[in-house]
């Protein structure tokens, strides 16, 4: 049913339709609206699940681990510092092969503390052994959750659904909320591969030494390779059942004849597509490749999608200091002898990514005038002044505060 | 369960593949050591074993969850070969507390089983329970914890139970066709007759007296041993087919043996000739010996002693004489003794009971002269060697009668004419098997060199019976090695509750000095059970399951109630089982590498 | 009366079994049908108190729950020695996740059981003192505060034994560990109150909190079973001597635990809803030195010279416990008294009715 | 595509207002997107929200930098911050682009006439009939009993721009609220709609 609805609310309603049996929640902006809504549904009795207010994200994932190992469908949501705080358990859930589904309302990581959107949090866990799916719209966010439960449980591997904080979680958009019956048909009851059961006891979580640890890790890798086959199948099945495209590995947009292709993840792709259309109107042959499945990394699908183009711009929503972009590194691996590649770090900590800036940057790139690593809309003057301060005085003080003073901002700016 | 995730998930209990026994440097082994009570019993009773059965109480196995009781063998009876030491059967690298050689069918348990266990060694429990001087209780390790187990009182309880229920002892052995003559129906003779009969031999007892029992009847006052008890236990032996001939003194033993067609003889005529010491005396002085006096108590008319009676001597007989005198109406009963109390041969209980009954004692005194109604007493002093020396100080003591209790001599006439039999210092020489110098003729009791108590005599009877049985079979008896003594230091007393001994009721003194009623009362069912359960089971497993419970490696296998096996496949040799065994029945032995 | 004293050498709670008792009155450990939740072949050291305590407690829970039990384990000795791939010593459904999250994982299992309507299946979380007192404290407190239906058992051997005997929040004053060596002016662990988790648990006013030791098997079993009479968060703190870390003889494991209680250093008690309802009175009081001397981790208190001041402080701590918990009260010869003075008939469920 | 920017202070309901406008557009079968300027949630701080309305799917997620309409919930903000930034034709802050005709819409919550708001230079280029005030706070007080101007401003917006109908605004309000609150808001919206309609009529007639 079509609704004009807040992203968080849409995701909460859909997750509820996936019938999670155990939900554990610890609040952190911008994830709060999702778990608040789920909590209300459980309280009202609309959702038959155990809703547990845990004392930390670490506990949230731990509760999910216990529930999942006991054969229950477990769900939780977090963001930013919360994801880092549960990090140890995040890796553990994957190691134990437990099909937990978790929403990450992407947000920057401090210091300096910052509640706004970028991908630093999810990117920091890209090697935790979780499948990572990135949503472009609220609609896709809720669709991906339906697919996530199916993928996770079929593979016995946890899945992280990443949706941009505020941009998707707090935005009111048109979304098609499925019917319970459709979801039930798509997400069958959980059949665990391993389960704690007094009538058939097993020990789960043994200590494994050098004699078998490599094999265990290899199997985790094999499971991820399997996921690369499964995810498109699930997406196809989803399209058949729900009559719309969602999920899958990658999503090309006007790439057929493109000389220049912009690669990105998440909600920024919408703005990029608008910018691309505007540039197409000026005759520039430019396209977009959205990465929906970032882990496992769909190297082949990406290589195919980018085979034709001569130049790449990888739009990074997170920074690997001293390296640049994490996605860029993965793509370079997928295309060792690929086209010229520009890494553009954009929209860190809530900095708006505007069509205007994108158009300018892409025009520059098309002209081959863009450097290998660019910080979009970087206030070079501001940063330069702080660098100068640091050169001049040993005790130059905290940079973040210095620059704020420099700006003299109180109210947030529009652009 | 279907295929499990590799390495992450494991099948339960799979660690049994890891045989941790290889870590071991010491191995625990179950042992059975000789309890001090058993060690001390002159009658060779397996006390710990019968207490173990007595713990089960009236109901016996019924109280044990209805399970047939398989008690661990109480090792190391002091009785010569009464039980067999435990041999851990070697199986699959593991030793176990071996099977039992219980003396009665498993379903029999509780008091009757306990009683039958006593009867394996001693046919007179009810008597023992009254007249034994309890060396077992002196040896009891529990004395170091609170107070010794009241073994004697439980034995008496069991003996009385047997009489009350009329329990009998069957003769299972086939008749051997051998005939054995027992001379003397005292404790030794009765004991020998009983054991020989159980072995299938035909036994005839000859006794010079009108009634059987020897010193038990003619020496021990009835206030210590009621005659109905005495008769009941003797009759139970006779009922087994023993021939008893009374008023039948044996003068010529060899002749009697040939005439009666006997294959062997056991002579135990005791020692009932009162020792006479030379005492200057006036014509009218009244002097009798204690043996005669006590014996006179069994005649129709009791001896006349007068109102003031002096007893000369410091043994149990002296006490018996003095206490009897009180009961015969003597206002004063004075014991005159040369030394001090700590050197007195009489047992403490006798002395204290005598004092309670108003008997007085003159320490460090000898009778220098006896006259009518009066004695002259010389004071003594102990020299450095503890020997009494005259002081030359004299004093008078009013006494209508002087009873001499200076010990007894044996009447050896029955053996004097027998070739090969030798004597020294008034007793018969015998070998360790109690055989005299004459083949086939054995002797025991008070007439051979030993402590002269009923209990020792009963032990002689059993020992002689076994020797005679072996001799009749043309064999020589091999005495099995004794087990090591169960030391108190090996106990883990934490597991024993504070449970002081039960005090046996005693007749009030007023009543005591006017009647010959039994002075010391018995235990009732509950107190007897309480006493039995105070046993620490020193040196022998009693099935508390501690070893089974406390092993961190589940390396103790429980085979059944009170039966365990160390699983050396997994035992790491930590030693907790040995440390936490209450009774020291597990020892650690170095592994042979 | 939770168990009947029948035989004097099996007074009160002390010995495992008793041939004179009816089978149902015997201790779980004395029964040949006991479940051996932790079975042979595990790689615990000789005389490991934790292996002992774990089997005692879980076998008792197994009997109480008729075998319907799931256990969650924190990282630590117990986990490592019981489940080295490819072998496990557990004979129950068992899950190990992380060092600090066992209480939360147990909460998850309990939640799953509730969600599946399997409330007959009960959940036990367990860990060593490191995983409980230190790194697991937040999750433990959260589980308590939510009153989740979990029995959490801490096997306290007073240091990080698995990593080589380093100090934990449960390490007693003056004890030597790898990170509190016996050198300097104040050798061994610093003096302090440590982290008394049983009292912290009581402060949450959860239905049931109890302490026990491997020295009193039947008391331990009673408490594990008693805990299962309640629903909601329960905490059982078991002192389990570690021969390796304490420097005690492997065979002395139970003796050392006994001395810890008889000296007053480790009070054994139980509490309901934050109030102490029963204590195990000291039966044969001993000075703390009797306890300290059994362990080389305290050797520096006696050699080269006796550190009387330090020993006096430890004795004072023991005396405080004795006063605080009334450990010396009604010292009679009543053998029943040698067991915990138990409140209420075992088997009655206080959760019902309320 | 029609883009609206709301200016207000934390707690005055700018976010709700943007969402209601989006729902109103949605009820007319159009695509809409509403989102706040994600400031940390402090009462009284200047905040913005945005709403885009289009007949095709809206993909961009950048903030509205070039609004077709500005709704000022709090007139005290007029002289603060950078309200007219990017406002089509309004030119840079403080330097109205002289002579250029501005056809953007500006709706201000005020009981005073525009002339008394001291906007002067800033709005010289505006088409007069697209520069209106509505006493939304008073209307909120009157119909809701609370000084919440949101609903009234939406009613006024419907009258001012005709981008959405009053009916759609009422539907959006009823979709979000129930009972007295819903009716109070609806009444405020209607009152504002009538007020603005009359105002425009007066100006166009003039």
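As written, the chains take the letters A, B, C and D, and residue 1 is the first residue of each chain.
Keep in mind that, in the parts below, contacts are C-beta pairs under 8 Å (C-beta built on N, C-alpha and C of every residue); 3 or more make two chains touch, one makes a residue touch a chain.
Nothing here was measured: the structure is a model prediction, and the numbers come from that model.
*Asks:* Specify the chain most distant from chain D by Cα centroid.
*Replies:* B
*Asks:* For the pairs A-D and A-B, output the one whose chains share more C-beta pairs in contact.
*Replies:* Per the contact counts, A-D leads.
*Asks:* Pick the chain whose C-alpha centre of mass, unweighted, sits closest to the average of all protein C-alpha coordinates shown.
*Replies:* That would be C.
*Asks:* CA centre of chain C versus CA centre of chain D: separation in Å?
*Replies:* Between these chains, centre-to-centre, one finds 68 Å.
*Asks:* Taking each chain's centre as the mean position of its Cα atoms, how many Å separate chain A from chain D?
*Replies:* Taking the mean C-alpha position of each chain, the two centres sit 34 Å apart.
*Asks:* Take the average of all CA coordinates in chain B, do the same for chain D, and state the distance between these two points in whole angstrom.
*Replies:* Centres of chain B and chain D (C-alpha means) sit 115 Å apart.
*Asks:* Please compute the C-alpha centroid of chain A, do the same for chain B, then give the distance between them in whole Å.
*Replies:* Roughly 91 Å, centre to centre.
*Asks:* For chain B, jot down the residues that touch at least 2 other chains.
*Replies:* 7, 10-12
*Asks:* When you check chain C against every other chain, which residues touch at least two of them?
*Replies:* 82-83, 85-86, 88, 90-92
*Asks:* Within the complex, which stretch of chain C touches chain A?
*Replies:* 67-70, 72-73, 79-80, 82-86, 88, 90-98, 100-101, 104-116, 121, 138-139, 141-142, 145-146, 148
*Asks:* Flag every residue of chain C that touches chain B in the complex, lowest number first.
*Replies:* Result: residues 5-12, 14-23, 26-27, 29-30, 32, 36, 38-44, 46-49, 51-52, 55, 82-83, 85-92, 217, 243, 249-255, 258, 284, 333, 335, 338 of chain C touch chain B.
*Asks:* Quick one: which bits of chain A touch chain C in the complex? Just the residue numbers, please.
*Replies:* 21-22, 24, 48-50, 52-56, 58-59, 62-72, 74, 88-89, 92, 96, 196-198, 200-209, 211-212
*Asks:* Chain A touches which residues of chain D in the complex?
*Replies:* Residues 5, 18-19, 22-23, 25-26, 31-40, 45-46, 48, 57-65, 80-82, 85-86 of chain D touch chain A in their complex.
*Asks:* Hey, which residues of chain B end up touching chain A in the complex?
*Replies:* Residues 1-2, 4-12.
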